Each structure stands twice: as C-alpha cells, then as structure tokens.
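Here's the structure, in structure tokens; my notes come after.
Read from first to last, the chains carry the letters A, B, C and D; within each, the first residue is number 1.
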Amino acid sequence: MTTNRIRVGVLGAQGRVGQAICAAVEAAADLELVARVDKDDALDVFTESGTQVVVDFTHPDVVMSNLKWLIDHGIHAVVGTTGFDDTRLAEVRDRLADHPEVGVLIAPNFAIGAVLTMRFAEQAARWFESVEVIELHHPNKADAPSGTAYRTASLIAAARQAAGVGRSPDATSTALDGARGADVDDVRVHSIRLAGLVAHQEVLFGTQGETLTIRHDSIDRTSFVPGVLLGVRRIADRPGLTVGIDPLLDL
Amino acid sequence: MTTNRIRVGVLGAQGRVGQAICAAVEAAADLELVARVDKDDALDVFTESGTQVVVDFTHPDVVMSNLKWLIDHGIHAVVGTTGFDDTRLAEVRDRLADHPEVGVLIAPNFAIGAVLTMRFAEQAARWFESVEVIELHHPNKADAPSGTAYRTASLIAAARQAAGVGRSPDATSTALDGARGADVDDVRVHSIRLAGLVAHQEVLFGTQGETLTIRHDSIDRTSFVPGVLLGVRRIADRPGLTVGIDPLLDL
Amino acid sequence: MTTNRIRVGVLGAQGRVGQAICAAVEAAADLELVARVDKDDALDVFTESGTQVVVDFTHPDVVMSNLKWLIDHGIHAVVGTTGFDDTRLAEVRDRLADHPEVGVLIAPNFAIGAVLTMRFAEQAARWFESVEVIELHHPNKADAPSGTAYRTASLIAAARQAAGVGRSPDATSTALDGARGADVDDVRVHSIRLAGLVAHQEVLFGTQGETLTIRHDSIDRTSFVPGVLLGVRRIADRPGLTVGIDPLLDL
Amino acid sequence: MTTNRIRVGVLGAQGRVGQAICAAVEAAADLELVARVDKDDALDVFTESGTQVVVDFTHPDVVMSNLKWLIDHGIHAVVGTTGFDDTRLAEVRDRLADHPEVGVLIAPNFAIGAVLTMRFAEQAARWFESVEVIELHHPNKADAPSGTAYRTASLIAAARQAAGVGRSPDATSTALDGARGADVDDVRVHSIRLAGLVAHQEVLFGTQGETLTIRHDSIDRTSFVPGVLLGVRRIADRPGLTVGIDPLLDL
C-alpha cells in the first residue's frame, strides 16, 4: 500500500543537509523518496518519477531557476535555500499566479522549536515589565548576537511598542563596559560563546514575583528535519506562496 | 486629574492577599482605591464611594452573596476566591443575564506567567515527539504533583490526542520504582520538593536534535497582583462572565 | 536539658537582619538566645547573661569597638558587618593575640551556596577550555556586574592563569557593542536585570562535547541565616581570626 | 621539535571511540600518534614504534591480556574498557608490583564534567537541608535512573550520613505513584526521557532562601576525549594503579 505516500524529490541530495533529508524521507512511512538530484543532474527526473513535492536546499545562484521549473511543471516546493529578499519573493508570487494549484514554502528557519520560541516570545512580550534575551553558541560563531536572537529581540520590541509597554526597568548606575549586553530596540541581548555548546537561546520575562523563561536548545545539525517533513506533508494543501513555517503550526 | 482613574474597592482587604492588592491599587497611577471592606463591614460603602470594580479574595462561603449584591448594584467584579464549580458559574451567569452591562471575571490563577505557560505548552504539544513536566516546590507542599502541573499535563495530553500524536518514545526496560515519574494521561510528571524553592514549573518538549523548555518561576506570593490589576482594567469592557484571565491576554 | 545549648547574643537585634537571626537562634534546638542588644544598649548584658557567642550585623562605625569589648571579655564573635579592610583585620588579630582562647569569624558573605559556587568554580576553572559568568538580579541593583560575579570571575581567571590555561576560544568578528559582556581578567561576565528576580549567578564551563553549570539562586533575604548559625556553632572551636566561612565547610 | 612529544598508541583504533581518540591525539601539539592497533593486529607494533602510553577502549574479554602485555613491556596505559571489578583491579595491582615504574589509569568515566559534578555534589551534600537529582537522557536508554545518577545519589547519601544530616524535608501526604521519583538511599532521583537530549544530569540542593544547582550536559559522544588526553599526559608521573580520573584533577 504505497500508493498514498507522498512522492518526494530532493534537490541538493548529496549535500550534508540533503543527505539528512533523504534519510528522513526514507524513514517516514507516509513519504516515498523517488528522486535525488544534484547540480549536474537534469530536473526531468522529477517529472519522470512522478515527484509531487521537491525539497530544495541548494544555493542562491540556482534556486530561482529550480523554482521556476518546478512551478511550471506543477510540482510543489519546500525551500530552505537562503537569499530570498522581497524582490525574489515577488518573482515567485508572479510565477505562481499562472499556476494557482502549486504550493511553495520558503522558510529561513525550519527548526520548529526556534519558530515557536519567537512566536511565544512575541505573545508574552507585552505582559511583563522586563525582558532580556540570552543566546549561547559554540565559540566558532562569527557574529554576536546571533541572527535569531536579533530577530527575536526585534519582534519582542515591536510587540511591546504596539502595546505601549515602556522600557524594562533598570537602575544600573555603575557598570563595566558590556556588562548589560547589547541593545536591540531597547531589549538587552547577551551572547555567550562556549566550547561544548551548539545553538541555544533563552528569553527571560519578569514581573512582580514571577518570571517566565522560554528556552530553545538545538544540539545537532539535523533539527531542521521535522520542520521540512511538516512542510512536505502540508504544502500540497497550501497553494500559493507561504513564507516561514509559522502558518503551518496552527498557532 | 484623578477623574479618569478607575474607582476600585477591595473585599477581604485585611487578608494577606487583600493587603497586597490594596497596596498595588494605590501604587497604580490609573487606579484609585476608594473602599476597603472586610467581613463585618456593610457592602454599602461600595455604592457610597462610587466604586466601579470590586476585587474579591474572600471565602467560598460568602463570595456568592457578595457577587449577587455587586451585580445587582451594577458593579464589576474580579474574583480570585476559590470554589467555583459549574453550578456556581451557572448561577453567576443567570444573575448577569438581568444586568447585561456588568462584567465578572472569575479566575483560578491570576499569575500571568502560569497561564501563559499552560497556553504555550498546549500550543507546542503536538509539534514534539516527547514531552515531560517537572514541577518544583517548597517541601511543605502536601500534594504531588501540583494542581497546576496536573492541569498542564492534561492540557498537553488532550492537544496531542486531538492531533493524533502518540505517546512519547521511551525504551526504559529496567527502572527503579518512581524513577520515570507519575503518569498523567500518558504525560510523565516529576515533582521535586526542595527547601529554598517557592513554586516553579518546567515543561520540556523534544524532537530530533532540539528541545523547547517553558519554565515558570514564582518566587513570592504576590505574583497574582499584575493579573488582578489587568482584570480590574479590562473587566468594564467585557460584560458578562469571563472565566480565567486567558481571554484578556489577546493570545 | 538546655544546659548544653550555646548561649547566643545578637548585636543589632532590631535590624532586619538581626531580627532574622534572633528568630533562627530561637528556633534552633542547640542554641539559646540570651541577649538582644541595639545601639543604645550597654554591652554588659552579654557578660551578665553568660553569652558565649555574639553575632554582629551592625555598622562599620561601631563594629570595631564592639569587637574589642567582646574579645576583652572572652566572648566569641560572628561578624557580618561590612567594611573590613586589611588594616581592620590586622587590628582584630592584634587584639586576639592577647586572648588566644577567643574565636572571631568575619565573613563578607554568609550564603553557603554563594561560597560553594565560588569554590567549585575555582576548582573547575582549569579543566575547561571555555568559561563565562552570568549574574541575574532584580532591576533596582545599581552596579553591574555584581560584586559576587566580579569576585567569581577574578578567582576563575587566577586559577586558569596559575594552571597555564589560555583565554576561552572566541571567533567573534562582528558584534554589537556589549553583546559579548564585560571583560573581567579575560573572563566574560553578563549582567541580567529582571523584575521578578532576586539574586542569582550561573557559571558556565565548556569543553569538547560537554558543559558544566554551577548555579546559585538566592530568593529571599534570609539566605545568610544557615551560614551564620554554622559560624555560631563552630567558632568556639576556632580560636583566633577566621575570614570567610570557607574554612568551616570542610572542603 | 617533535622529540618531546609523548608517543601514543591506541588499542581499538577503528572503533567509534578509538577513532575519536586517534583524531584528538593527532590534533594535540604535545602528543604523537605512533601506533593504531585493532583486534587482529600484533601488539609488537607498540614496542617497535617506541610507544610510551597506550589508550585501551576495547572489550572486557581482551583488556586483561592487553594490560599484562603492556605492563610487562614497560608501557603506561589509559583504560576506558568496562568490566573492572575488585578481582580484576587486584590482578592489575599484582602485575604492577613487578614493574613499579609503570602507570595504569582505569576509569569508568572520562568526562571531566561528570566527575566534577559528582565530586562537588559530595562536597555540598552536608550543607543543605534538601537534595534531589534529576537525570535527563535520550529516549532509547534502557535503565532509569542512569548509572551515573545512581552513583551520584549514593555518594550524596553517604556524605550526608557521615555528617549526621537527616532526610530532606518532605510534607507530601497525597501523591500520584511515581511523582516523587525513585528513592536511592533516601535521595530522590527523577529520570526524564526526551527526544533531542543526549545525557544530562542536575543535582539540586536547597536550604533557607537559597538553592545550588550543579548541572552537567554531555551533548556529543566525544566528551570523554579531554579526560583521556589528560590521562595520557599525566600517567607517566603516576606509577602504579590509579582508579578514576579524580586524582588527576588536583581537587
């Protein structure tokens, strides 16, 4: 009884991410891996194999032509490749206008825990006097704070501003440089770099007598897999362009 | 310019909770404490003082007659007194039917962090293979698990069941009695009792390569205050009966 | 059978700290509270009552004359009053030279958990590539980092230097100001200020594949009490001057 | 200038652990990997290559004959192979008696963070009224609690008993089965099983107003490497048998 399984193809199948996705698709009872494609392969294998959904973790240089081909051939796409700005998103929407039955999901972050952390932080933001963000990563990371922490702090700041909540109280009058962290739209963000860590983030909220902490720990590089599979399972029911996996989480 | 401040009365003003509420109302720029009432006092002071909202943290024996009097006199109520079962809630609804302009908020838990923890846990429940709950309290607590942890686990279990998510994976084949915690609808709950703690709860979710932790720490007994003030500020705009502060949190 | 109980006096008995100590002494089966003294009272009450150990949480202006009187009268002392520099400590040692049977304990921090945190951090310091310190306090605190965090970082740095351990690895090349915290002798320290917190500190160590975290949470102002009682019970067996409670902890 | 590097051999070089050790030895500036041996290889390669220290992560069936050969040939050994009971340790000591210059280190756990956690827990045990242990592992683990948690709880219990400390206070009168965890010598131990975790342990101590938490997180399988390298560097200076890496940590 394999006839009802979703037929999945993977673009960039030999990359580290692609390999993890292939393994996960093969392990899933409701999915069937029917095509693995890498940069020198023709895309025709997707049509020949009856692929219904293609996962694309390739490169900004090739993802747009991949996407156009997939849309034109009526194949849904789940895309983790980076580099999508407003112009590119508009191009994808245009192309989809001629193929209203096709669904495309483009997401900057497929880790469900990371996405929920941001969402919950946004929801909680206005209900606490105080908020700070701590992100903790391996010591090889080049930027501080992390992009996710920066974005989380911005979302929190926007939610507080919209609700008319002022700055977190802070009576600090004597401080060593840097002790109070970086300021992202009035939200303090602290970056820890420690051997033995991978990628972690903690959002701390506080008000009279209580605190709420939302913490996300990503301890291996395959934490994107469940989010990708979710996209594969849902995208056929979401024609048009979906940006981010949030809308799939029924929040 | 005090004319626009909400005129607040407190029932049970001399109790420990009542005192904390009186202090908080007095400290709030947009609220005015106009009446403090205890068990031997007449309720007329509320009408005489032009009270708009009364906070009731009294006793199950008297709260129903308090509420009827308040509703009949067109005064909104924010109620933290315990003992409201379906019968009592129905009685309140009946009384409110004749006074459609009056708002009554009855909540078992005014700690915003506790309410958000439950809500977020419910939303996250279906997206992770695994979930367990740890609650940590001072060693004088009589019941294990706590009522809040029991309720949190039940909400998580219901959300997972509704989404068709099975039990958390668990290969344990050799265990000491109790090591794996209590079973609440297939969700494992662990109760820690430790001197130096007050009331804390942690919900742990996990899936491939990542975990999400939602933790609530309540470290003093006034953590209900912000939730009560929120109720006081909002109840005039919510005629009828509201149960729990969740609907006020715009989630 | 109260005859074997240690006879305890309290100097500064009406202060907030003094009250907590009086209550704790009265609650301890092996201690007897025989004298409460405040600033306008004569010290003679200690000799009249047969006091064996006096606890002094008073003021830098009066503590030296208190101590001299106690030493001269053969009474042991446990001192939490601040302001002891090397000069003052030398004065106390001199006075004790003439009364070799008297024990005096002077400690800047009586919270056993804080002292153990520092000690363990010092012991662990050389065994991990990476270390950072996070301290978290209520938002009314004036200084950042806290004195305890500063001292903890200094102890860690000294232990690493003595063992020839270099700086924690850190590839950060792009950072917002403050993101990476304050630098205390090459140890990064991050200060969180949040409503709903009291006084907390976390020391994070990391090396290949593992991290070790030592966390101290002080959630009410009486966390000094067990350390003071420990001092009261032990000081008679430690003639001379003892600085800090570390030597009493049998580490 | 490689002449001063320690010449290292690895037994079980092709195993997962052996590979990680080979890689680490090769990456260390002060060590030189001179021999890789697996089960069908002759041990003579160690003498031929001038190996000074051999690391043995093999199998209980072969480790004793490996060790005898190494001792007889004057080669130091660092052993992570399991299965050493008192009889086996006595045999090793006997063999070493004839070769007093040889050092052998046999350790059940090379993760420095795990060893420090146990040591610190033992030191802190007597100073807190309350203690509980939480261990958290991936869901494929067969036993609950983990061996490390069981041993940690036993060490804590022994330290408390030696100091005359009674049971942790606990007023629980109504509990669901298992809520309060397993009882290991009067210390409560809780086992969490969660997808997305590897191996983690938390020891919680509490007394009036404060708690101390010692947490160890092991997030990949190579966390034994730094402890093995430490053994390799130190064993030549420790003739005779050393059990456990604790004595190498200068605590």
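In this section, a contact is a pair of C-beta atoms (placed from the backbone, for glycine too) under 8 Å apart; a residue touches a chain by one contact, two chains touch by 3 or more.
Just so we're on the same page, UniProt names per chain: A, B, C, D = 4-hydroxy-tetrahydrodipicolinate reductase.
These numbers come from a predicted model, not from an experiment.
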Steps in the shortest chain-to-chain touch route ending at chain C and beginning at chain A: 1
Matching chain pair for B-D (criterion: over half of the contact pairs shared, by residue number), options C-D, B-C or A-C: A-C
Interchain centroid distance [CA atoms averaged], chain A/chain D, Å: 38
Chain A and chain B: spacing of chain centres that average the CA atoms, whole Å: 34
Residue list for chain C, restricted to those that touch at least two other chains: 128, 196-197, 205, 207-211, 217, 219-220, 223
Parts of chain D lying in touch with chain A, wherever the complex brings them together: 196-198, 217, 219-220, 223
Footprint of chain A on chain C - complex, ascending: 128-132, 134, 136, 139-145, 168-184, 188-197, 204-211
Residues of chain A defined as touching chain B within the complex: 111-114, 116-117, 120, 123-124, 126-128, 205, 207-223, 225-226, 249-251
